[in-house]
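To keep things simple, chains are lettered A, B and C as they appear, and every chain counts its residues starting from 1.
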Amino acid sequence: MIVTPDLHTLDYSIKYGVKCFELVAEPVKQEILPGVFMNAWGYNGSTPGPTIIVNSGDNVKIRVYNKLPQPTSIHWHGLNIPNDMDGVPAVEPSPRIDPGSFFDYEFLITNPPGTHMYHSHYNTVMQDTMGLKGAFIIKNNTTENIQKDYFIMLDEVNLKHLRKFIVKKGIYNINPFTMNSNFFFMNGRCFPYTSPLLVKKGDNCRVRFGNISLNNHPIHFHGHQFAVTAADGNPIQKENQIIKNTILVASGETWDIEFNCNNPGLWPLHCHLTQHVSNNLQLPFGGMATSVNYIGFKGKAANPVPWSFVK
Amino acid sequence: MIVTPDLHTLDYSIKYGVKCFELVAEPVKQEILPGVFMNAWGYNGSTPGPTIIVNSGDNVKIRVYNKLPQPTSIHWHGLNIPNDMDGVPAVEPSPRIDPGSFFDYEFLITNPPGTHMYHSHYNTVMQDTMGLKGAFIIKNNTTENIQKDYFIMLDEVNLKHLRKFIVKKGIYNINPFTMNSNFFFMNGRCFPYTSPLLVKKGDNCRVRFGNISLNNHPIHFHGHQFAVTAADGNPIQKENQIIKNTILVASGETWDIEFNCNNPGLWPLHCHLTQHVSNNLQLPFGGMATSVNYIGFKGKAANPVPWSFVK
Amino acid sequence: MIVTPDLHTLDYSIKYGVKCFELVAEPVKQEILPGVFMNAWGYNGSTPGPTIIVNSGDNVKIRVYNKLPQPTSIHWHGLNIPNDMDGVPAVEPSPRIDPGSFFDYEFLITNPPGTHMYHSHYNTVMQDTMGLKGAFIIKNNTTENIQKDYFIMLDEVNLKHLRKFIVKKGIYNINPFTMNSNFFFMNGRCFPYTSPLLVKKGDNCRVRFGNISLNNHPIHFHGHQFAVTAADGNPIQKENQIIKNTILVASGETWDIEFNCNNPGLWPLHCHLTQHVSNNLQLPFGGMATSVNYIGFKGKAANPVPWSFVK
């Protein structure tokens, strides 16, 4: 089962053999740390929006309602679909969805199983930075020796009216027109509010990373090496897979990694750009980080860090 | 035939078996959007300069005239050539070319066919940012099953005295001493002023990317997957090629990609760093973007976007 | 022999079969250009700290003294070691080392030969930017056809109270809470103060790059192509190695490259992000750059550049 920690998987109904999904593009109040909210834009109540999971060969219809104050569109990033369903009204014969309107994106899934994304492609610099993005995963239905399968979306924003080093409860607005981000996310949350990825000793674990953001993020994993098994939703042949412990996920890319859970513990998994592991530069640690926690592992942090970041 | 959209290929003469090229390093007035010009530095009237195309085994002589107000040099980026022809006067026994002078770079092409670049290596931080760069391609003369072959140089600058969100006709100066770029280019132009890459259904299309700029740019292609076929001018063996839809082109790198034109349409090809697809943060879309247009494709943008960006 | 230009290799003693190292985390006054010092944090008197070299199968004990004004820890980046030795007190049962205290990190080297790193993982955004990092290399004891073997750590900081374009002798403080770096390092020095990598014609030369910094740095080498032979300390099989002349080293990554010294000269090796090859934006050239110098090469720079940058 593919799990997107801290986010939902989107339900669907089947009508005449077509998998029917509904996304509502709308303002969302996203809780990024306990009591710290941002006024963002997302889908169905969160940013990133819910994860869409389909199979190769599926016919899908995704109804997109626009409850934003401006037109929007959705690009199905990585999918080989017809031009008029690709969601780029500035270039393609694909519609702009005006506020109060909806559009049905309908296409056949012809890509092989893999990790893709969806995101706004209208007023991109603003709408993508405001949070209009999510995961689109094509499941592998053949037998895989994978016991845990996670998706993590990397993201960042600049929240206004918070002086450096200050994080306090409240609701903040995003400035989408700057690259000076001060908050860094995995699935819409900052460490330590990110939920750990749970594994058992002996599991083979896959983590799928996606990035629709302002920077290219190198994600480092502690205590293990991993195989790099897929690039932008395309499998890498076993004999071509390289072994690493840090994977650079550029904006627009997805990468899948796989590792064997052979080293019990509580293991950080985080962006390695130094300033991306803090919340508004606060010490000791935060931002684009989570951990892989072995279920039943007995150890606990020897020095509980005073997480007094929220005042 | 290798085509560099919106730029010229440099002519040459043959003297005593040597291919003789001429580059003039000089101030250029580059039109980046209709009526919007920047005072840049380039070669032979444009930035990037004209594309140089040679064959493996060629003897070449490139006479470089310096019509800039300061000394310069050219580095033949990626070529295995003698030290005194490599163009880095700060390190190598390779000359600095003073204003009003010229120098003849002479070397044998010993690299295999592939995509390389040339650029200033004197006062680098200033001269490279001002635009002194171009493509240097070693053609493959063996039979290739490639019907279209394009080169795209990625670039960016900060234009002074243009407040955020404002793009209006005029002539602007570059601030080469900042990383806060507000204009992002493919071959010296911003979308939608970039010329599309034309293809026919069934073509095998190669796109060669080069980057001499302030950032690492991930380029995403819509509606297709591509094979990554060469790295920094070095072919990647077929069995090692990975399939992707976004290619991270770091500064100093070249990457060749190849795809089959099997999905007719008008397909965006653009940097995926969110703020690199706008012109001075203007909406809806601009910057480091172009499209791959299938000749004869009937569709057209359903919602023609009012491109009123130039006032 | 593995050489880290401009830095030391850490001595050790053997007690009861264990290799015992000592690191002192402390304020250091690092000379980055002749007469230009920065007040940084490092280990044993320098930033980066001394290079640690071990063998696969070694039992090691590394005593870390904290002479900093705040708690610290060390993460052994890339090593497969027990959770309580991994050095991330915010997540793991691994201790925080208070000022005036020490801790003995003890573990068995189970990774294969390769290039790794160590760095602070406490108050990361501050401590890593202040300079608490170094190389951790697992030697290959099998016969290798490698005659030269170098390590280079990439880094950058913002030095305060130096206006753009000014570099003058003095002692400067780091601002660790900004991404606006103005000085860029290889092994803690700026070009031209970086010591060249010496090679002989015919040598096979390996260069190992590590990066614990604020950016992803693409390193370009002149006059040669190289094979990419290891990723994050994991060997890449010969048949999977690609040939390049620019290697993108993301923060948190290590990459090993190998080339044959077949083109005598003095060859630049430098970051290709345009603004990273200057010292506080000074012309003509500086920053994250060094050169590979063939011993006995007769050429010398035709136009000696007046290195009057230090006033």
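In this section, contacts are C-beta pairs under 8 Å (C-beta built on N, C-alpha and C of every residue); 3 or more make two chains touch, one makes a residue touch a chain.
Because the structure is predicted, anything quoted here is derived from the model rather than measured.
Visitor: Have a look at where chain A meets chain C and say same if over half of the interface residue numbers show up on both copies, different if under half do.
Guide: At the contact between chain A and chain C, which are copies of one sequence, the residues are largely different (under half shared).
Visitor: Would you kindly give the rotation angle relating chain B to chain C, two copies of one sequence, based on a CA superposition and rounded to a multiple of 5 degrees?
Guide: 120
Visitor: Taking each chain's centre as the mean of its CA atoms, how far is chain A from chain C in angstrom?
Guide: A distance of 32 Å separates the two centres.
Visitor: Listing for chain A: what residues touch at least two other chains?
Guide: 216, 240, 248, in rising order.
Visitor: How about chain A: which of its residues touch chain B in the complex?
Guide: 71, 75, 77-78, 80-84, 86, 88-96, 111, 121-126, 128-129, 177, 179, 212-216, 231-234, 236, 240, 248, 250-253
Visitor: State the interface residues of chain A toward chain C in the complex, per the touch definition above.
Guide: 164-165, 192, 216, 218-220, 222-225, 239-240, 242-246, 248, 263-268, 272-275, 277-278, 281, 283-285, 291, 297, 299-303, 305
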